[in-house]
Amino acid sequence: MATGKHWLSVANAAIYLYILAPVIVVLLIAFSGTSSLAFPPASYSLRWFTHFAHQPELMHALGMSFTLAILASLLSLVIGGAAAFGIVRGNLPGRTLVLNGLMLPLMVPALAIGVSFLQFYTLFGVPSFPSLLLGHIVITLPYVVRTLVAGLENFDVSLENAAVSLGATRTQAVLRVTLPMLGNSILAAALFSFIMSFENLPIALFLSGPSTVTLPMQIYSYITWVFDPTVAAASAIQVAIVVVLAVVIERVVGLNRLISLR
Amino acid sequence: MEQPPSRKQRPRLRAAAPVVPALAFTLIFFIAPLALLLAYSLFEFSGGEVAYRLTLANYTALLGSAFYLHIILRTFLVALVTTLICVALGYPVAWQIARSGPRLRALMVLGIVMPLLIGGVIRGYGWILILDRGGAINHALLALGLAQAPLPMLYNFFGVTLTMVEVLLPFFVLPLVGVLSNMDPALERAALSMGASRLQTFLRVSLPLSAGGVAAGASIVFSLAASIFVIPQIIGGPSYLLLSTLAYQQIGSVGNWPFGSAVLVLILVITLVVLTVGSRVVSGNIRRLQEN
Amino acid sequence: MQVVVRDLAKRFQGSVAVDQVSFSVEKGRLLTLLGPSGSGKTTTLMMIAGFVEPDAGGIEIAGRDVTRLPPNRRELGVVFQSYALFPHKTVFDNIAFPLEIRKRPRSEIAPRVARLLDMMKLAALRDRGIGQISGGQKQRVALARALVFEPPVLLMDEPLGALDKKLREELQTEIKALQRSLGVTAIYVTHDQEEAMAMSDAIAIMNDGRIVQMGTPDQLYEAPANRFVAQFLGGINLFRTLDLEHGEDGVCATIEGGIRVPCGRPAVPENGPSWVGIRPERVSLVESGGRERALFDATVIRSTYLGGAMLYILRNTAGVEFSARVPVGGARRTLAAGVTVGVSWMPDDARLLG
């Protein structure tokens, strides 16, 4: 019995190495001391991070990704939060249908979403930034709705009722009891939206204009045209941001609840 | 419980109000563009321009030419092999996650989800650094004298499948972890106590009871493998086209929006069919589990 | 001896779960491991079953050392707390499972399963799914499945924990009768002392990973080794002892309030007794200052009707609270709160506890 478990652990460790290998390689190359992409690097330095900071288009892309991700998260939190509340508490007719409808973007390939936006916004002449933002909200909204629906369903309504029985109005009860207790779900939804927007390529690929290039978009064009570790440094920065947020989410609600297509 | 209808209707409508913005948003900024995509796939393309006349020519061209059929088959093959490997590698991982204490469990989940969150572009870049002619593996093989010339590992079946498995494994593991965690570990112990070997226990108890999770994960992996774009674009490129990269090439480089749209509609249909069939199997299986 | 457990020990992440546990069970007997939750009883059972690897110690079953043997080669029937019935199989297929694993021919499996179905009154349910039968029926299926391959030893982990009281009592009698008639050696884990009393040939009381005392149910009840056993098994009133005299008529203890109580000839704990213990149902209440001589006076604080008996909570002159369980009926009248009564007991019913 013990040996069986031992072999399982060894096999799984190998699988994890396989999964994490590309990220590890990128991180090590980012700290390379030479301009060669050969692995493992001959020496280590921070020069490519300095180089990154002096590339205006990379810094601009980083800022663009941040702006987009923050705005997309906030807006989908507002729209999605209201929807989740309506779905769980509203006693809606066709509740499952509404929920499934809002989850639909998860089932549609990102590339199809990107192309359809391109066609849609070309038709109506929407400028690049708003169309990018709307596109990112389409991607993040389902995650927000799902996280908050789960949070609200797990929430014990009798706590809210207790507040009302103690003299609070329904609105006061929601604001002072329900919302603070849903804090974790809300935080998780916001951070996860941020990540999903921050790492997205297919939408930006079709909707980015010259002044609205996102970081993944910039990295993508760099790996096609530029052959030095600057792009690895850019990637390392993106990885660092995502890792920190993911650890926070894991601490707060557990990541496995967020990731699935249904 | 019974309320007069007039009093029941109004609160219902008011309760529906918060859902309206999200529904309207999804309708306008998601469904409408998709409808437009569908429409584009039915437009004519002639002389390098979109002619707004309805036709099925894009679909007949897609399904009628040996070149495109080859790409469709290749997409299916890559998706199938990717799915099978994900099942084989993902089951033991999911089992260990489900049967671990909270600390190891959280760490393993974080480890498997992290690459997913980091995104396809960076992982694609990492794989290029590993698989390229001058990459880590070829470097090691040449240094050890195991190969005379660098092995081609990019822009072919091997590279695309290898990276696809890496990207999609979490989508198989996570639903299965859910199913295996809900399964009473005493069931496996019971089988062992009655004399079943570990293999018999797996084949006769764990596997049948987790078939729903396997089907769910497999259908998700297959549908994603047939539709994801970033990894095939970076690792396969134009020299190893799949349906998604074909669509991108048609729209981005050739400018043939109608044909590219038709390819995307095909991908969309495959995705939705596989996911729907998968969820049917899963809900049947879950119902059976809940009878206990 | 059918089961011998020697110096079993197990730690989980630094904390002791089981420590120096040793016992043995004779063929055909039923031993209960009884203790509060976290006392190590289930861990001990899981080590015998082979699902938890002991850090130290040994396990012998039917003369065979099984300490390092995987669970599937120990030949033990195990009944789990959750029943662990396979939800994808029918009642019949669940019970047939161990025989199928042993590759018995169909012609042998069918009659053997049928015999157990009859024995457990399950014949009508043979083709039902597990989701379609009641809790008590699941219990029976689990038991039938654990017995069908005729293991020499049966392990049961709180098998009745999920059932309601009436059903539990019914099944206690059934399981006991079945175990007797089949002559199977059994180890039973429960936290329910009444269940343990009703079913066991012997009981091992566990606390903090150790066996505190082992014996027959009446031995444990009449001669508890310490305060924990006495309180856990049946409950006991405790009076702090200040002094102890050994006289001709036995021991006489002085308890709080300077009250002297005769204690018969009890076992005296090694490191000196600090408590006199008396079971509530051995306390008698008499008229204060009446003909019968009381040991001391006490005031009734409150009373509870138990159906057939009254439970009185009293406080004596030294302020110590205790209880008395007095049968109701006949000429006995119930006592109201505030009434002062005399308290006495037979000297031999008192226990000295460390």
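Letters A, B and C mark the chains in the order given here, with residues in each chain numbered from 1 onward.
We adopt the following convention: a residue touches a chain if its C-beta (ideal position, glycine included) is under 8 Å from a C-beta of that chain, and two chains touch if they have at least 3 such contacts.
Owing to the predicted nature of the structure, the values given are computational and were not obtained by experimental measurement.
Asks: Taking CA centroids for every chain, report which one is farthest away from subunit A.
Replies: Comparing chain centres, C lies farthest from subunit A.
Asks: Go through A-B and B-C and name the pair with more C-beta contacts between its chains.
Replies: When the contacts at A-B and B-C are counted, A-B has more.
Asks: So how far apart, in whole Å, are subunit B and subunit C when each is placed at the average of its C-alpha atoms?
Replies: 55
Asks: Nearest whole angstrom, what separates the Cα centre of subunit A from the Cα centre of subunit B?
Replies: 17
Asks: Which subunit A residues reach two or more other chains?
Replies: Residues 1 of subunit A touch two or more partner chains.
Asks: Scan subunit B for residues touching two or more other chains and write them down.
Replies: Expected reply: 198.
Asks: Going by the touch rule set out above, which residues of subunit C reach two or more other chains?
Replies: Residues 50, 70-71 of subunit C each touch two or more of the other chains.
Asks: Per the contact definition, I'd like the list of subunit B residues that touch subunit C in the complex.
Replies: The touching residues are 184, 186-187, 189-198, 200-201, 204-205, 208-209, 288-292.
Asks: Under the touch definition given earlier, write down the residues of subunit C that touch subunit B in their complex.
Replies: 49-51, 70-78, 80-88, 97-98, 101-102, 129-132, 145-146, 149, 155
Asks: Please output the residues of subunit B touching subunit A within their complex, sorted ascending.
Replies: Contacts found on subunit B: 12, 15-19, 21-23, 25-26, 29-34, 36-37, 40, 89, 92-93, 95-96, 106, 108-130, 134-136, 139, 163, 166, 169-171, 174-175, 177-178, 198, 216, 220, 223, 227-230, 234, 244, 247-248, 251-252, 257, 260-261, 264, 267-268, 271-272, 275, 279.
Asks: Which residues of subunit A touch subunit B once you look at their complex with the stated criterion?
Replies: Going through subunit A, the ones touching subunit B are 1, 4, 8-9, 11-12, 15-16, 18-26, 29, 37-40, 79-80, 82-83, 85-87, 89-93, 98, 101-102, 104-105, 107-113, 115-120, 123, 134-135, 137-138, 141, 145, 195, 198-202, 205-206, 216, 219-220, 223, 231-232, 235, 238-239, 242-243, 245-247, 250, 254-256, 259-262.
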